[in-house]
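Shared chain: chain A. Partners: chain B in the first complex, chain C in the second.
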Partner chain A sequence: MNLRNYLKVYKKFLHTSLASELEYKTNILVDLITAILSLVGSIFLLSIFFQNSGYIGGWKFEQALIIQAIYTILNGITNTWFNPNLTEIVKHIREGTLDFVLLKPIDSQFFISLKKINPSGFLEIMLGFFLLLFCIRINQINLSLSFLILSFITIICSICILYSLWFFISTTTIWFVKTWNAIEVLRSFLYIGRFPLNSFSFSLRVFFSIFIPIAFITTIPSEVFLGLSQLWKILLEVIVASVFLITSRKFWLFALRFYSSASS
Partner chain B sequence: MVQNIIDVRSLSKSFDISSKEPGLKGTIKHFFNRQTKSLKVIKDISFEIKEGEIVGFLGANGAGKTTILKMLCGLIYPSEGSILVSGHLPFRRKENFLKNITLIMGQKQQLIWDLPPIESFYLNASIYDLDKFEAKKRIKKLSDMLEIDEELFIPVRKLSLGQRMKSELLAALIHEPRILFLDEPTLGLDINAQRNLRKFLQKYNKETNATICLTSHYMKDITSLCKRVICVHEGAISYDGKLNLLLKKLSPVKEILIVCRSEKDAIKLESSGFTIKNKIKNEITIKIENNSITSSLKTILNNFDIEDLFINEPPVDEIIGKILIKKDYDI
Partner chain C sequence: MISNLINHKIITLLKVQYSNMLEYRVEIALWAISGIIPFFMLNIWTNNNLNESINVSDIMLSRYFLCAFFVRQFSVVWVVFSFEEDSLLGKVSPYLIQPLNPFFRYFAQHLAEQITRFPFALIIAFFFFIFNPESLWIPNLGILLLSIVSTFLSFLIQFLIQSIVACLCFWTEKASSIERLLFIPTLFLSGLLAPVVSFPAYVKSWIYLTPFPYLIDFPANLMSGNETNISGGLSMQILWIFLLFPLFKKIWTEGTKKYTAMGS
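On to the complex of A and B.
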């Protein structure tokens, strides 16, 4: 299949999953309200941290809001694509319905990663963008071309790292069958991404940079927005994202050799 | 000469299986020190299937039928041996191979639960790179064959099991595969739905010359669809050949109930050398070997005053039940 066909299939994925979700109007409404309340709650929590001291880890409240905005965008992407699809992998493997995916003449990783979308996640993405625009204004950031390119690259890299981590954990289901807990642990680590990396102790900074690179996901894009980032950090994020993406792909293809399907 | 479309040589498959002792102690032991052992579920099997054939795989639960089907369609890697399906190594799952096969499982579904089946059909059509016009044509043709129409526009969750199965078949056949792997397709269906599905498969095979590999626990599926059966017993093939030969071998005699005009005739028949099963007044049941049934009946009708007679075929389920527990059939 060529790229044109993949785009055609993705259009169908969008159509069918939107149609499926729109079958349950109340559920969408509840999700939308949850997204708004969650963002308001997070900003409130952040403002409490900054109440006594104007700075945390060298970041002002207005600057830390950028991290919150990027986190909201990434969380929206997680809720729109990763959550409905990657949590389904566990179900596919446990119930043996991965059989149907593997027998289609289409890349199995593409199929299971993008088949569904949750439209309520779009609101979160939009809220994140509005908050980001607001932060650009209050922090008086100049919107130059190089700034836009670097921000785009770092956010794409963050999405790749997040996706790869999640996909990697879901793939282990082929051996361990149940990995809900590991995904929950990953989600709770992601909450840490709402705070600047410098606000943690040295050992935690190392842990969140090397072992679970949550720091790369939000802090580096935020530093780009504030003009604080150094080129080597951006390059490092690109390398980390590429390594994670390639490794998760190879790991999936390797794991499929051990797929034994569910008994009938 | 008809070509082999499936060629299996010395195929084996082993799985690592863990076992657990009962009770809390067993659970804790199982959690900390899991004992696994390698279990050979398919043992050195070989067979070929010709294009257009309908072959039934028979065996008890856990005999290995589904594992064989899953290796044939490329879902499971074989541990040893070779498989060629339509000239491809199935486990490589090349695009050309996948476009030629389909798998239908009676207990699993691929249709999108909240949407009408038609949405799943068009999604599959785009995956198999069919344009809208071609997809529409194929959906129309298959829905006519399956006798479904309005059901295509009702959400899957609101369809009956029979309607859902027909829709599953349509979704699985939209790309017109040359080889169909069917794993218990009639599971849970009522008698009419089972009959309709069998009728459809016969028609589909006749019209497209597609090869069908089928497993089923409903003997009617096997007897009405398959001329050839492969019996699997504990992972090995115990019989591979024509179904009618197997039935003859397993049931070499027929029972005939003869109603004589008088008890005197019944006594005369009793002493005429036939194998008697039982006799009640003027009714007598005799056993006759399949190969001498015509001549024996001629003799009886010419020499005795017969009021009526009934030939009792032993139930197919009962005969095939014997296959599931026996290891080897030399026919």
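On to the complex of A and C.
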């Protein structure tokens, strides 16, 4: 199947899942309030940290806000695409409905990663963008073409890493069946992405750059925004992102060999 | 005779749920791991010397966060998610026929899960002391008992709040999103991420009137030997339980009248 067909299929996905999600309109409103409160809460927490100290890990309050903004955008993306789809994988495997996905003349990873969409995450993404624009103003960042390109690349890489992490864990469902809790562990680890990497001790910093590259997800894009990032860091992020994407793909294909349907 | 019957029921329920929970050891271990956020926060606090400004030593702060971790481990409540699923699938109907409020079943589930979780929490604490040997301490027996009581009271408050939210399932299909909304203030105001002592004055002036600081901050301070008002804290916890219980009873009787068996 070519690209155009995939786009056509994706349009159908969008249509069906939006239609079913919009059934719960108040739910979307509640989710929006949740997103706003959670942003307010983390800014509150950040302000406690900065109460009596001008710098945390070499970051000023205004600069640390950029990390919050990027985290909010990425969290919105997680809630819009990764979370609804990848929790669906668990269901597919437990109930044996993955059979139907595998039988379709379409790439199975494409199908299970993009089937569903949760519109309330959009609002969170917008919230993050507003905060980011605000940060660009208070930090007096000059917008130039090279800056825009670099920040775009790093954020795309962050999304790829995030997706791969989620997809990795969901793939393990094929062996362990119930990985819902493993996702909770990932979520709690991702939480530290709200803070500058330098504010942690050396051992944690190493752990979060090598084993679970959360450091790359928010800190490097924020450094790009502040014009602090060295080129090698950006290159490293691109490499890490592509390695993660390729391995997650390989891992999925490998895992499928162990899939042994259910119930039937 | 009656008390004998109740005892018998409770013990049977606990036994059933405990063996049920033991089946899911791995998941519960992962749950325990996902609660380690307080340790990341501790790392930020001590690594940036933020605790100097609130006059809490490194050691006391690390004990505080360890206790916060423990209190959280034994006061996690998820009844709304179970109840929502059961009510959407129509499983609540057979429970309603039984001469026992279904919430006893969920309550026993939570207690059984806490018993299963206990060894994992101990293992995590063991690792914590390996990395921070200087913060090892032995609380005196009276204080330990009191803090266990207050942790249980904190669990009761959260269980009641969530049961009230769960009863909203009788009116709306997605009560869990309201729970997610309520979780945000719990997360930021309960003292899980930063001790309430460190909060700015404009928050401290009203926060002690809300149930939040009694959920984690108070039991954790009590257990870790930090300064706290023991009798005041305990009486506030009991007061909240007395306020919430009639509310739960009311919403339960109203809700069961509204209940229309779904699914089956």
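Miscellaneous remarks
Note that the second predicted complex is superposed on the first by the 264 of 264 C-alpha atoms of A that agree within 3 Å, B and C clash if a C-alpha of one lies under 4 Å from a C-alpha of the other, contacts with A are read in each partner's own complex, and residues count from 1 in each chain.
One rule holds for everything that comes next: contacts are C-beta pairs under 8 Å (C-beta built on N, C-alpha and C of every residue); 3 or more make two chains touch, one makes a residue touch a chain.
Since the structure is predicted, the reported quantities are computational estimates derived from the model, not experimental observations.
Legend: residue contacts after superposition of the two complexes on their common chain; A:45 is shown touching chain C, with no touch to chain B.
Of the two partner chains placed by superposition, only chain C is touched by A:37; chain B is not. Looking at the shared chain after the overlay, A:169 reaches neither chain B nor chain C. By the touch criterion defined above, A:16 reaches chain B but does not reach chain C. Looking at the superposed arrangement, the partner reaching more residues of chain A, out of chain B and chain C, is C. Once the two complexes are laid over each other on the shared chain, residue contacts for A:135 go to neither chain B nor chain C.
In the superposed pair of complexes, A:65 makes contact with neither chain B nor chain C.
In the superposition on chain A, A:184 contacts chain C only, with no contact to chain B. Under the contact criterion defined above, the residues of chain A that touch both chain B in one complex and chain C in the other are 24.
Considering their complex, residues 15, 66, 70, 73-77, 93, 95, 98-99, 101-103, 105, 107-110, 112-115, 119-120, 122-124, 126-129, 155, 183-184 of chain B touch chain A. In the complex of the two chains, the chain A residues touching chain C come out as 24, 26-27, 30-31, 33-34, 37-38, 41-42, 44-45, 47-49, 51-53, 56-57, 176, 178, 180-182, 184-185, 187-188, 191-192, 195, 199-201, 204. The touching residues of chain C, counted against chain A in their complex, run 24, 26-28, 30-31, 33-37, 40, 43-44, 47-50, 52-53, 172-174, 177-178, 180-181, 184-185, 187-188, 193-194, 198-200, 203. Those residues of chain A that touch chain B in the complex are listed here as 1, 5, 8-9, 11-13, 15-16, 19-20, 23-24, 95-97, 99-100, 102-106, 257, 259-261, 263-264.
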